[in-house]
Structures are given as structure tokens and as C-alpha cells.
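In this document, chain identifiers A, B, C and D correspond to the written order of the chains, with residue numbering beginning at 1 in each.
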Amino acid sequence: MRDSVSTLVSIRLVYLARLREAFDSAGEALELTSEDAPTVASVIDALRRRGGAWSSELAPGRAVRFAVNHRLARASETIANGDEVAIFPPVTGG
Amino acid sequence: MRDSVSTLVSIRLVYLARLREAFDSAGEALELTSEDAPTVASVIDALRRRGGAWSSELAPGRAVRFAVNHRLARASETIANGDEVAIFPPVTGG
Amino acid sequence: MAVRVQTEDFDAGVEIARLRAGDRGVGAIATFIGTVRDVNDDATVTELTLEHYPGMTEAALEAIVDEAKRRFDIRDALVIHRVGALAPGDQIVLVIVTSEHRGMAFDACEFAMDLLKTRAPFWKKERLPDGERWVEAHASDDEAAQRW
Amino acid sequence: MAVRVQTEDFDAGVEIARLRAGDRGVGAIATFIGTVRDVNDDATVTELTLEHYPGMTEAALEAIVDEAKRRFDIRDALVIHRVGALAPGDQIVLVIVTSEHRGMAFDACEFAMDLLKTRAPFWKKERLPDGERWVEAHASDDEAAQRW
């Protein structure tokens, strides 16, 4: 029998560079409630539903990159309770 | 009517690195008498006829390189009066 | 430390000397320095600000150095990347690779730069005479990274 | 001066700063340094002597720099090569190329080194524990030069 708490995933979101400015936020805490294992894509879907800059900057086809716990990740990567998920434009260093 | 002096070609020979040591000479003046336009190969032939280190170091098949007036040259390059002809092993700098 | 992220400038000569110090097996040292150009995409750049993702940045650079050491027969490698506000002419990034022979040093140095351009969390914002803009990523950088 | 042949050591940091000084269009600097290894072909090297062909050497290096500038879209280039007696760890050769973008700088720098290895009149003699020997040319250097 699953504990009902197990369906609640708390993550830390980090926004960087152009997205930090567009969202007027460097990050936030987010709680996802899901019966399935949530992925980066689940997070993006949740953010898009906020509308405004969230839906335009994260619209399908926009170049957006992700990192989970400081490692580059694909949208299909699953996330777990306590993870840090960063969302940012393609990098331009060097 | 050609002047008989035109068939006498005076060049300066320079020997470098292993060849300088093998010939026990850094260079010498050489006069070639030829009806045809002499080439680097003519010079090598003349030197080979001296025997000893000359014929062994300059034997066909040995890796030898040439420069005429400070520019890399092939054995077929023609030489003119006053030219400086350098003979040396493949370079190993850098 | 094989990687450093810092606001301060660096001295390539000093870093090269330090990286190869004591290793008499080194015969080749390839170095790359990226600098701020005063023009980009036909616009005059008066200032360049480098933002990064603290926490991830050093780990990303270390992963690049590790990958270069795994793929190429090299002796050692160093990456320094600056962050913060920079002016045209300023140095941005330094990559040094030491090896026995030159081919591996050149390849590993270019490989590290190609990966850095696509995998290290840095973002450039340019100040132009009439405002600011975030630098857009180049498709050519993705292509360069995919060669390896 | 785009080329120098000298017995004295060089400081890569100083030369890089000098080559790019005043050119704010430079965005990339590729540098190569060749150094004396303490082992070559499994023998311990205690000293390396560089002989050259005075008169031809600088012209040959200038021709290499000219060719690099002709073939690659670069801003400037410098070659320094030392001659005389050197010890393990000593610097032998320095090539610096400045350009707008990194690909050209890397290519031109490696191109210049490949040409230098096959066209510049330098010869190395190694002192080993039991005598001296002239370094033999490598077929791999001919192959490297033929890539371009």
C-alpha cells in the first residue's frame, strides 16, 4: 500500500539568463502531485499553464535547455523529491 | 655565338647537420662545367664521385633535402652562376 | 585544480608554466584564449556580462576536462572561465592542454572548447550603444561539438 | 616582426599580449609551445642542441606565416624558434595565431606547426647518457603536413 505522501514531489526550480529576466524570478520551490513518476516535461507543462511569459518562453519549439541536479538533462528525464531543476536558454560561454 | 664562360657555373655549397659532420665541412665553393643547364642533381652526381662519405651519404635512396638560394628545391631544379645550394637531412625542428 | 571560475583576469604565461611544472615528459602545449570582441553581429559591443549557474559551472567544466583526458592521450589540462562584467579586449576563457606530441594537444584543446561552448552553463549579455541583448547560441557551435 | 630565431627563452604570456595588443577585433587566440622532453624513442635525453641554416631560417618561417595568413581568415600570427643548447623542460618553439573565431585560429596554428616540422631548416641533436645522436625525421610529420 503506497503512502499518499509518495505522490508529492517537492523540487527547487532555477531560472537563468534570459529566462530569469523573462520570469522576473531566479527560482522557486514547486510541489508536483502525480500518480506517475514526474519528468522535466511535467514541470514545463505545469509552468506553461501559468500563461504570459511562462507559456511564450516555454512554448513548444523554443530552444530551452535543462539541468537536473547540475547535470544537463533531457525533457524526458524523471525527477525525484528534492531535485534541483534548472531551466535556461542554450549556453553561450567561451 | 655563345661565350665559353657561359658554360662555367660557380656556386656556393652549404652542408648542414649530420651531413656537415659526415663531410667534415660546413661548405665550399664549386665550379661546374656543363654544356647543359646544371641542376641540383648534377651537383649531387659530382659530389658522389668523390667516394667515401660523399657517395654513402648521397647514395640514391638516402633521405637528402636541398635548398637553392634559401628556398627548398627539388633535385631537378636548375642552378645558375652565383647560387647558394644547401644539402641537408630532412628537418627535425619544432 | 583543473578548472576555475573567477571574476579576476588570468595570465596565460603563468598558468602554462604552472601546468607543465615538474613534468619533463611534456613535449607539446596547446593553449586557447577567448577574448571579448568590440563588434558582434555587426553591432558595437561596449560591455559583455557573463552570467553562470553557480553550483553547476565547475562540475560541468570538470566533466569536460575529464572527458578530454579520457579521449585523448594527454598529460594534463586546465580550464579557466571568467564571469561578471568584461570590456572589449578582455580575456574570457583559457584552455591549456599538455601532452607528449602536438596532435593530441591540439585535438584535446579544440575538443574542450567545443564542449565548453555547448555544455558549460555560461550566458553572455552584450551592452550595445542603444541597449542590451542576450547573445544567441550559434548552430555552428552545435555542429563543432558533434564532430567529436 | 612575425618571426624570430633566437637562443634566448621566450615568455608566451608576454608574446600573446603583444600580438593582440590594440586589435579589439580578436576573439580567439590559439597558441602552441613545443618543449624538450626528457625521453625520446625510449632513451634519456640530457641535452638537445638545435642547429639551423642562418639566412634561410627566417625566410622559411616567414613563408609559413604568409601561407597561414593566405589560407586562413586570421588577424595575425607569430613564430619564435630557439636555437643552440637546450635542456629537458626548456621551450623550443612558440606559435601564436589571433583570429575572430576559434576554428580559424586552431587550424592556422596547427597548419603552421605542421609546415614548420617539414619545411623550416632546423635539426635536433640529442645528448644521451652514452653519446650523441641526430634526431631522425618522422614519417608522421610528412603525413601531417600533407593533410592541408
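Details
The working rule: a contact is a pair of C-beta atoms (placed from the backbone, for glycine too) under 8 Å apart; a residue touches a chain by one contact, two chains touch by 3 or more.
Model, not experiment: these values are computed from the prediction.
Dropping chain D from the picture separates the other chains, by touching, into A, C | B. Taking the CA centroid of chain D as reference, the farthest chain centroid is that of A. Centroids of chain C and chain D (each the mean of its C-alpha atoms) stand 23 Å apart.
Centre-to-centre separation of chain B and chain C, using mean CA positions: 50 Å.
The centroid of the Cα atoms in chain A and the matching centroid in chain C are 28 Å apart.
Taken residue by residue, chain D touches two or more other chains at 34, 102, 113, whereas all remaining positions touch fewer. For chain A, the set of residues touching two or more other chains reads 94. By the definition of touch given earlier, these chain pairs are in contact: A-C, B-D, C-D. Interface residues of chain C facing chain D in the complex, by the touch rule stated above, are 11-14, 16, 20, 24-39, 88-89, 100, 102-103, 105-106, 109-110, 113, 144.
For chain D in complex with chain B, the touching residues are 34, 50-53, 55-56, 59-60, 81, 92-93, 113, 116-125, 134-137. Residues of chain B that touch chain D in their complex: 14, 16-18, 63, 67, 70-72, 84, 86, 88-94.
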